[in-house]
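Common to both upcoming complexes is chain A, partnered first by chain B, then by chain C.
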Partner chain A sequence: MGSDIRFGWTGAIGSVILGATRSEGGTRKISYRVGGGTTLPFLDHAPASSPLVALEICDEPQYWPQIVRNYCGDLVDDVSAWATTAETVYGADLIRLYLTSTRQRNFSDIPLVGKAVEEVLSATGLPLIIEGSNEPGIDSEVFQKCGEAGEGERLLLGTAEAGRYRSIAAAALAYNHSIIAQSPIDINLAKQLNILLREIGIQQDHIMIDPYTGTLGYGFEYSYSAMERIRFSALKGDADLAMPMICSAIDSLTIKEVREADTAYQDEMAVAWEFYAGLAAAVAGAEIICVRHPKTVGRLKKAFTSLKTGSDPTGRI
Partner chain B sequence: MTEVKNAVASGRESLKKRMQSILVLHGYGETAYHLPVSFALTGIDVRDRASSQDAYLRASNNPIIAAECLLSEKTGREGKEPSPYTGFIGDTVLRKLGYSLVDGSILGLALVIGTPANEGSAAGICRELQEKYMLTFLAGGVVPALQQSGVKLGLEYRLIPLGSTGAHGVHFTDIIARVAMMFGGVTPGDTARFLKYAAERAKAIVIVFPGLTDEEIAVVDAMRVLGFPIISLGDYRGEGWVEAPPEHAVRQGMEAKGIRVTVTAIPIPMGCSPAFEGKSIRKEEMYVEFGSGRSTAFELLTMRNVGEIQDGQVTVIGPEIDAMKEGSANPLGIIVEVAGRSMKKDYEPVLERRIHNFVNYGEGSWHVAQRDLIWVRISKEAVAKGVKITHIGKLLASKFRMDFPQLLDAVSVTLITDEKKVLAARKDAETVYEERDARIKGMRDEDVDTYYSCTLCQTFAPNHVCVITPERPALCGAISWLDGKIAYEISPAGANQPVKKGTLLNARNGEFDGVNRFVKKASHGEIDRCSLYSVMEYPMTCCGCFECVALMLPEVNGIMVVNREFKGVTPSGMTFSTLAGTIGGGAQTPGFAGISKNYILSDRFLQGDGGIERLVWIPSALKEELKDRLQKKLIGQGHPGLFEKIADETLATTIEELTAFLERAKHPSLTMKPLV
Partner chain C sequence: MALKALDIYKLLPKKNCKECGDPTCLTFAMKLAGGKADVDLCPHLDEQAKAVLGASTRPPIRLVKIGIGERSFAIGEEFVLYRHEKTFYHPPGIFFKVSDTQTMEEVSAVTKRVRDESFIRVGSDLRCNGIALENSSGTKEMFAAAVATVEKAADLPLVLISEKTESLFAALVHCGTYRPLLHAATKENFKEMCALAKHHDCPLVIKARGLEQLAQLAKECALEGVQDLVMDSSPQSLGEFITASTAIRQLAITRAMPDLGYPVFLDATGSDIQDAAIALGIVKYASVIVTAPLSEASAKAALTLRQNIYTDPQKPIQMNPGLYRVGTPGKDAPVLMTVNFSLTFFTLQGYLESTRIPCFMLVVDTEGLSVLTSVAAGKLNETLVRDALIRFGVENEVAHKKLIIPGYAAPLSGRIEEMTGWKVLVGPRDAAEIGEYLEQEWKK
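Moving on to the complex of A and B:
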């Protein structure tokens, strides 16, 4: 092409290490160094690795999309088996465990949280992303437990927000994990949160930005624009935004188009919706794409490979 | 009374002697940080006689290091003390403690050391520490004293008995040292960083009962270097130890260290939320009112020194609401006193304006205007629910603390309803108002070296950057230079950042290299140059919130201003909303600038474009609004008669009419240097 694909940028995206193998003090089969890019994704100088695909699972399936429950059947009632299958059958790079059990009314069984984390850790050798409580009243205990249960494993803990980051930060600091910093589709709020985290003592190489991902057709373009700007700022040298990004278009499986699709095509519709949002997010710069439908995993991974090699980007190789 | 100085000297001497006697050292299990204070301060892994001497020497005979080595040696020899004493706390437990600190579920750490003269006082202090979310460590006679008073001890009660003697207090510092290394990223041996962390991050205080040995006094005194305030309950004097009666010890210690308890609920019998802000109280709904010409009323917020006022104290001087007749107008003086270590006198007027918002937050209270022009009403409904004058004070005291947690440590409110006393206090308040006016009036752009940015609007105008100077408020009119400064101090990572002016590039246009650098970065590389005082060359970007648009009219060689409220077509051929749509969104549009109404009155207005004589047209309502001040300004700048030469929509609605009018009026813009 002859043009400078670095566009005169001086910055680079920092990297975050996820997972620890035995030699690194953990028990994972593999660990990843996420980030490190110096230009936009899928260009020549981009890091050798493709975006990673995480499969999202949970420990209390009543809070999970019906479509996944239908597709996976009894598997969703056994979080260990679900994790194992995600690795061996679905081919995920990472597992993101949502501790949905904490969403039950007046939840107080904190040891259960630790148990779930430990079970999933022993059921899979993949690095883990853990989503703790989303109830401020129990944050402190839940994140403490998550951090402790995963000590040495370099988890990625989620999700810190501007008004609510102290417990996650504390768990990350105390047990050497990384954290997801989420801001509502706003570059300045993303930066502000990163600064707040830095002030509390979190190292930059322990933070991943979650720009908040709207579902395709339901605001994704705003997310895309925010991500683009975050990435441009980072490449232009803004260190407070130079973190890798993680995206989860979390509502993809519950939107009207998927819910109301003909039963025969429902899975296909769901996968398509997750796939195109995930692909677009990767193009905007996300290093980790999270999905919930098992069939989306392989399709995204194929697409990323083909983007690298220049073949059909829809993944239909 | 014990003189700390003498005791420290003798204690240091005795520690030094005993350090020589150390033969064998065992250290502690359950930690990766060896003897933590020695390790943090010197980087030396103290494990035997030689390394202990080395560390002691390296740290200039620091009593804490001596005490740490000696206690470790003793523990090695005699074993741990029996329960309830914890002795050295292992890393695993410490990690959890550190977690609660970072997490905010505990606010700080306290060491209570020594032997209380009577048991009750220790119990009171510890209960207060528990209530204020402090994690308290105990060493010495205070432990049996608490047990005798039936106080429960243990981690779950946030009261941790370290050991039976004052010497065990040294564990408090080994805990801080490990928190610094585990959570603060402090490298062992990096003394400066450790001391900085201990002083700035570790929220620790020490409360001292009598009965310490000289050695123990020397150790406690050495903790001052770590930035811990030492609160003495009577027996010790000098060397910066703060003497306090038991009932004030905790408060004083926490204030001295800047540990703040956040206020979450306001104990008053009415709702309090911004949701009620817009609700007015009509005459027939009103129980009593104050001010607005019907009675004397004023408000004043002033700053006091930390310790001079008691947080949350509300005093009513004069009759309460039940002594006031329904439907009557009564005198009222609202006096808010605030204290905080980062509070500054300059902030007073800005904070004072918040009284307006806060009183309106009350479901049954209403407030308009400011200073001695205020008008306050309390509704019948609120009074029926039991709201009294004192509750307005409670509301103010709590809201100030809630909204400015970084700035204010203490807020007390006095409400005067006695006519004579209100009049007397108002006199004092008026002196303060005058002083303030004089101070702010004199503020010029060249008096400061730092301006403030505002990027609040980047949510919808992604590359917009407002630069706010003393003489140029934000284009929305809502944020002055002082507001920007305070907002930055309150929230250092927020949308208002300091902008160093740097070198002056163009005095007429107000262009500075520091401002340019900042704008370039904050606009994500989009805008290279920004002149603060010009509409024509590199004007400031516009978000969408501007009160007015200033734009050039090349046909008449002048500049017109239109405000948001004006709905008609202007001589430019466009309405305000068309103009706003054209220039907003964060773009820089030469010839157009978004400005605040008050900026029209600034000496800097149009400075880069030839001065206020360029002003050819403004809507009549705006003209009327600014009339007195603008006329004064124009005369002051040597342009008598110019005000009448500025057209409005009653004189000209098209560019042709405007040209004709300006020619008739002999407006100076027509003969000035061409704009383009």
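Moving on to the complex of A and C:
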């Protein structure tokens, strides 16, 4: 008898392509095939891709955690420069642009949205995730605009929810983008939403699951297990859950522990909070980890590299 | 192979003498079958029965106690690979590493940090657990002196790290009765190590590369009479750790390799990204984690992750609807309506606590949906709000009729006012802005 830990799974996680290079019809320097795992994360024999790290940025920083402005300075007022820096200095694999400008009261300047997407596309060669509006009333126009502005670039559009997925799905279908499907930390609701999306024509390889990530200490325990369960069900063969997952513990930089930390080590606290949740989420099955503090990017990437090396799937080391 | 209760019963002495703590041999047999008791509790078993029962009835991962007194703790006795299958029971101990080549002041200062530092989150006191002392000097005199320094500063659980039995012997003169964890027995020195561990009744780490080698060493130590073992697979990378640790847990709980049924040791100082090793150890089955003294940020994040992973996952994600208090609100305190999705609740509660304005939170039953989703789905509506106001007797608690609703519920404000007769104030969308909102809108 050996110390073999193959679990006898038959399913596999599907994959989603993000970004398109010139030869693929876009203008990105790189594209990613996310997902494809056949066992628990980091136990893979094949060099399935490491989890990717996305830096979140926005086009209207008044809605962004103060701590990011403190660290990045005026950079946050220039979304193009912020995107370039995310790639060249912070080392992010992806950029997630939140169109926070749409949160201003009675926002109606839809062309502005398209402009922001175009600017970021030309400022970086990385694939993009675009977070549209937070206001159901303007969803349709906003997503339509984003989809159009990024045509050919295989964007990942966010975020579809159970009561609110039609506009985003329409934009994704029209311009061949993928979408983020978010459900409130519940494997059954995640599955239902995926089925709804399938029924309106979104292919499985155009969906990423966002099981909703509670910040460390604020619900992370639920998210961690929801992710493990989704991964486990997918490996057991449930095709409606076999999409790669994306995780963003977006409240990390505004919770009490970080906000009230001594200014001398507030950055360190913010990074620790994002890092511990991000690493644990990747171990539970998330393939894209989104963070907001630039310093978290490099730390997570280094950890993922160490996790990918030197492992032998038989358990003999 | 697990035995059934009846098969076990046949092997018991059938004296019904109650010495095992159970009323009858049969109830004891049932406990053994469920992995809930140890055969050693019955003093009347013959050796052969013990051997048969020992291997198949003890919990798949042995319970090992480290330290004595207030700060002592137990590790092991886990049953599942995923916390959602049941729960994880015994959180890993986190030990700050010091060396006997450091000054006594430094050693003492780190010890006092572990003794004193604590951090309160949702009602529990979170602390690191003990000191891991390394015999870097290689001399028994310096090791013994450092142990004496640690002991003088605090009664904390210890890990004593040395390959030299003479150093451990010298250290145990100072702390031998306090159940320190000894690190480590290897293929070369395990006989002497076992003799030491046995003499002082201490738990022992065994160290080998490769799971077969670990299992073999565990078996040999058990034959030497030491069963309180902890396993160090000495991983060379984080990837090796996660692979080995997952394999050990899986092979132990399925009893495919019962000799791996012991808690796992992880020295995070070996990793060039210590925080990664710690986080990984917490989520992936480490029971003893040794680290360099942590910064406040790393300590808080690590302890919070440990608390999260070791809470019972059956705890519902929905809050009970009701009227909750923040501080001691009076008759003029604001009332904030929110949904019963626990994350929304806890996030809002956190921000409200830091505003230091006492208030009421009226939690309505949206079946665990967030504000945005429940508004979109029509779950959150004026009837629900009216019923909650009545059911939880909000009118008797405050002397006003003003209700603050979440920003995303703004479309409902008119209808809520009509149906309830309360004046509705639309709060911010983002809970982070609630403090500012209350300062500006409520206080004026």
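Basically, the second predicted complex is superposed on the first by the 300 of 317 C-alpha atoms of A that agree within 3 Å, B and C clash if a C-alpha of one lies under 4 Å from a C-alpha of the other, contacts with A are read in each partner's own complex, and residues count from 1 in each chain.
Operating definition for what follows: a residue touches a chain if its C-beta (ideal position, glycine included) is under 8 Å from a C-beta of that chain, and two chains touch if they have at least 3 such contacts.
Because the structure is predicted, anything quoted here is derived from the model rather than measured.
Trainee: Is A:Asp186 in contact with chain B, with chain C, with both, or with neither (first, second, both, neither)?
Mentor: Both chain B and chain C are touched by A:Asp186.
Trainee: Under the stated touch criterion, which partner chain does A:Gly91 make contact with: chain B (first), chain C (second), both, or neither?
Mentor: Neither chain B nor chain C is touched by A:Gly91.
Trainee: Would you mind checking which one, chain B or chain C, touches more residues on chain A?
Mentor: Counting contacted residues of chain A, the larger count belongs to C.
Trainee: May I ask you to decide whether A:Arg166 touches chain B, chain C, both, or neither, giving the answer as first, second, both or neither?
Mentor: First partner only.
Trainee: Go through the superposed model and pick first if A:Tyr222 touches only chain B, second if only chain C, both, or neither.
Mentor: second
Trainee: In the superposed arrangement, does A:Phe275 touch chain B (first), chain C (second), both or neither?
Mentor: second
Trainee: Using the superposition on chain A described above, determine whether A:Pro111 touches chain B (first), chain C (second), both, or neither.
Mentor: Neither partner.
Trainee: Name the contact category of A:Phe232: first (chain B only), second (chain C only), both, or neither.
Mentor: After superposing on A, A:Phe232 lies in contact with both chain B and chain C.
Trainee: Quick one: is A:Tyr175 in contact with chain B, with chain C, with both, or with neither? Answer first, second, both or neither.
Mentor: The first partner, chain B, only.
Trainee: Have a look at where A:Gly25 lands relative to chain B and chain C in the superposition and call it first, second, both or neither.
Mentor: The answer is neither, since A:Gly25 touches no partner chain.
Trainee: Please write out, lowest number first, the residues of chain A touched by both chain B and chain C across the two complexes.
Mentor: 186, 229, 232
Trainee: Considering only the defined contacts, which chain C positions touch chain A in the complex?
Mentor: 82-84, 121-122, 209-212, 215, 233, 235-240, 242-244, 246-247, 250-251, 256-257, 260, 271-273, 275-276, 279-280, 282-284, 295-298, 300-302, 304-305, 307-309, 311, 313, 317, 341-343, 346-347, 350-351, 353-354, 368-370, 372-373, 376-377, 429-430, 432
Trainee: Please output the residues of chain A touching chain B within their complex, sorted ascending.
Mentor: Spelled out, the residues of chain A in touch with chain B are 140, 143-144, 147-148, 166-167, 169-171, 173-175, 186-188, 192, 195-196, 199-201, 203, 229, 232-233, 236, 238.
Trainee: What residues of chain B sit close enough to touch chain A in their complex?
Mentor: 95-96, 98-105, 182-185, 455, 458-459, 462, 493-495, 521, 524-525
Trainee: Can you list the chain A residues touching chain C in their complex?
Mentor: 1-3, 5, 7, 40, 42-43, 63, 103, 134, 136, 161-164, 184-186, 212, 214-222, 224-225, 228-229, 232, 251, 254-257, 259-261, 265, 268-269, 271-273, 275-277, 279-280, 283-284, 299, 302-303, 306-313, 315-317
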